[in-house]
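Common to both upcoming complexes is chain A, partnered first by chain B, then by chain C.
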Partner chain A sequence: MRISQQVSSHDERIVLLHFEGDLNASDCEATSKIFQEIIDSKKYFIVALMENVTFVSSPFRGELMGCKLRLVEKGGNMVIVGLNYDLRERLIQMGADKIFQFYPDTHTAYNHYHWEYTQTAQVVSITLPPKLQSVPAVRRFIAGIAKQKGYTARDSFRIETIVDEIANNAIEHGDSSQPEISVELRIDRKKFELLVRNKTLMDKANQLKYVLEANKETAQTGDTRGRGLALVKLISNSINVSIDKSGTEVKITKMREDS
Partner chain B sequence: MDTQIELQISDLDNVPHGKLIKFMGDLDATNVESTLDQVTKLIKEGFVQIVADFRNLRYVNSTGLGILLHFSKTAKEKSGCFKIANVNDNVYEIIEIIGANTLLDIYDNVEEAIASLQSRR
Partner chain C sequence: MDSQSKNTSASGAAGAAGYSVNLPSDLEYIPPLRQFVAEIARVEGFSKKFCFRTEIIVDELVTNGILHGSQDVHSSVTLAAKFEDGAMNLSVQDQGGTRQNLENLKRAVYSPKPPSNDKKKGRGLVIVQMLSSEIKIDLGENGQTQVHVVKTKDPDENQPQREKLLYESDL
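And then the complex of A and B:
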């Protein structure tokens, strides 16, 4: 085995560990020592680069698990990058995928790091024509992003509902001459935020505020608009509406279910 | 493009004035009108004992819920009923949150919904 380390040029909190050759039981002690030195230097995020690894023994796998545990106890993590297909499949068969995340390249590993540990939000902006027919594709697209980002199926469905109801409202009750509706999604590991901006006539905007402030929360109401907004209120964590001459902005925040 | 929804309508054996409607797809603002037209036509023709099978209904929004409540009310006004079966967990949650579970007749499966119609006779 050969092992070398360098601090990532992408983020100095990350250490890249290059492994090469066969990883045998006899390599455990040296590896453990290197991990301890890295932890002592107060760096707790390690990307293990294994594209040139040819074999991983069971004792070495156990050693890596122990090293990962030491990092996790410090609030950090270790992920594995570039392991060849056969070795990865063998490790997965032994249940190692329950312990380690495997990534094809460092770029993907860095994305994972930012998503999990730096609370970096990802932003998607969409403009859509003010037609109800444009909403289904947008709501499914946004729900798909949430699912892909690890939100539960229930959360994704609720997010789809929020997008649908708010976008439909913006179209149905907006200024009929508005050229487009703007939808902005900000999503991070802990929360989902949706911003919908549109042009609304002032009297309709005031009606919207009234519906939001009124405590309409049941199906008994005959007002379709009230029912949709009541639903959004109940499945989100906060809803704010701001109205000015340029239009109406509705901001919805929903916390991730399992965070 | 409208969201796809398909209604498959068939007779209900041993239930006079009965129809089974299978909902397939998403029920939302783009297709409530066509759904409303099809089911209202059935009710006007006298088919007021209706079982709606939601096994393949993936999504419903507040507008869709609104017409389900309308079907239930209209069928009851004509001494019939509109029963729903096989609702998926996500759709059921939306129905429950909005409070419509107390207004709609919901069954675990189609067989139970049909049996309840037969026991009414």
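And then the complex of A and C:
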């Protein structure tokens, strides 16, 4: 086994550990010492680069688990990058995927690090033609992102409902000559923000603002429609509308329930 | 219902339906993105087979953009899809990778050759070539790479000619 270490040029809190060759039981002691030195230097995030690893013995796997535990206790983590398909499959069969995260490259590992530890929001922007038929695809796309990012099924369903209501309103009540509407989502580990921009006729936009600010629904008891925004208010944490000459922007914030 | 039909016809009159998505350079976004593009292709009147193939194309191009065309964690990838005249025009733009990445991309697009059986990678763009009607690369001034794919509707659902040719040359 060969092992070398370097501080990441991307973030100095991350240490990159390059492993090469067979990771045997006889390598555990030397590796443990290196892990301890890294922890003593107050660096708690390790990316284990294993592109050139040819074998991982059971004792060595135990050593990696021990190191991960020590890092987690300090609020850090260790992830494995670049392990070849066969070795990864063997480790997964032994349940290692319940302990370690495996990533294909360092770029993806850094993304995970930012998501988990620096709370950096990720932004997705979508523009679409003002067609009501395309809204289901958009709402499923955004709910799919929330699920993929670890939000619960309940949160994702509520996000889907919010997107559906707001995007439908933007199209249905928007200026019929608008070329497109734009949807932007900012998602981080704790909250989800949705911004929908469109071109709206001024009287419609003011009506929207009135409904939101006066805390009233547009629907009367016998009406079959007009409860969308009331529903959105119920399942989100905040809703703001800004209107100017360029159009209307609705911004909705929803906190993650299990955060 | 009235406003629904009004808005639908208005957008139809405006011409080609254009969608775009800009997303962080993160592999986790790919499954929902490819399903999204397949779903809008279905909305635009394309067959299930077309949409499934579109999903494969999107998966391959965006994975390449993220793995080989992203310089740091703040990079993003933009996908644009336009549907008109029975064809889908798809483009995927990334922020540009290394010179080697670009050379590999050009070779894969302009002289495609499936890798040998023992290789685990390198089939993505060959598959995209098989499933699309046209593919080309544009390079932006700031090093961005844009891959354009045109996929036309296949009314009789036969295998496209290009697919047969690639198999023949492989044999």
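Everything that follows uses one rule, which is that the second predicted complex is superposed on the first by the 244 of 259 C-alpha atoms of A that agree within 3 Å, B and C clash if a C-alpha of one lies under 4 Å from a C-alpha of the other, contacts with A are read in each partner's own complex, and residues count from 1 in each chain.
Convention: contacts are C-beta pairs under 8 Å (C-beta built on N, C-alpha and C of every residue); 3 or more make two chains touch, one makes a residue touch a chain.
Model, not experiment: these values are computed from the prediction.
Participant: Per the contact definition in the header, classify A:Thr108: touching chain B only (first), chain C only (second), both, or neither.
Facilitator: The second partner, chain C, only.
Participant: When the two structures are overlaid on chain A, which partner does A:Gly228 contact: first (chain B), second (chain C), both, or neither?
Facilitator: First partner only.
Participant: Looking at A:Ile126, would you say it contacts chain B, chain C, both, or neither? Reply first, second, both or neither.
Facilitator: In the superposed model, A:Ile126 contacts chain C only, not chain B.
Participant: I'd like to know which partner A:Pro179 touches here: chain B for first, chain C for second, both or neither.
Facilitator: A:Pro179 contacts chain C only, not chain B.
Participant: Considering only the touch criterion stated at the top, classify A:Glu165 as touching first (chain B), second (chain C), both, or neither.
Facilitator: Only chain B; A:Glu165 stays clear of chain C.
Participant: By the touch definition at the top of the document, which applies to A:Pro136: first (chain B), second (chain C), both, or neither?
Facilitator: In the superposed model, A:Pro136 contacts both chain B and chain C.
Participant: Residues of chain A touched by chain B versus by chain C: which partner has the larger set?
Facilitator: Per-residue touch count on chain A favours C.
Participant: Contact-wise, after the overlay, does A:Ala153 reach chain B, chain C, both or neither (first, second, both, neither)?
Facilitator: Only chain B is touched by A:Ala153; chain C is not.
Participant: Quick one: classify A:Gly144 as touching chain B (first), chain C (second), both or neither.
Facilitator: second
Participant: Quick one: is A:Tyr85 in contact with chain B, with chain C, with both, or with neither? Answer first, second, both or neither.
Facilitator: It touches chain C, and chain B stays clear.
Participant: Let me check the overlay on chain A: which residues of chain A are in contact with chain B and also with chain C?
Facilitator: Looking at chain A, the two contact sets intersect at 132-133, 136-137, 172.
Participant: In the complex formed with chain B, which residues of chain A make contact?
Facilitator: 132-133, 135-137, 153-154, 157, 160-161, 164-165, 168, 172, 217-220, 224, 227-228, 230-231, 234-235
Participant: Along chain A, where are the residues that touch chain C in the complex?
Facilitator: Chain A residues touching chain C: 10, 85, 104-105, 107-108, 110-111, 114, 122-134, 136-138, 140-142, 144-145, 147-149, 171-174, 176-177, 179-180.
Participant: Okay, in this complex, where on chain C does chain A touch?
Facilitator: For this pair, the touching residues of chain C are 3-4, 6-8, 10-11, 14, 17-29, 31-33, 35-36, 39-40, 43, 66-67, 70, 72-73, 120.
Participant: Across the complex, what residues on chain B touch chain A?
Facilitator: 1-3, 26, 28-30, 59, 61-63, 65-66, 69, 89-90, 93-94, 97-100, 103
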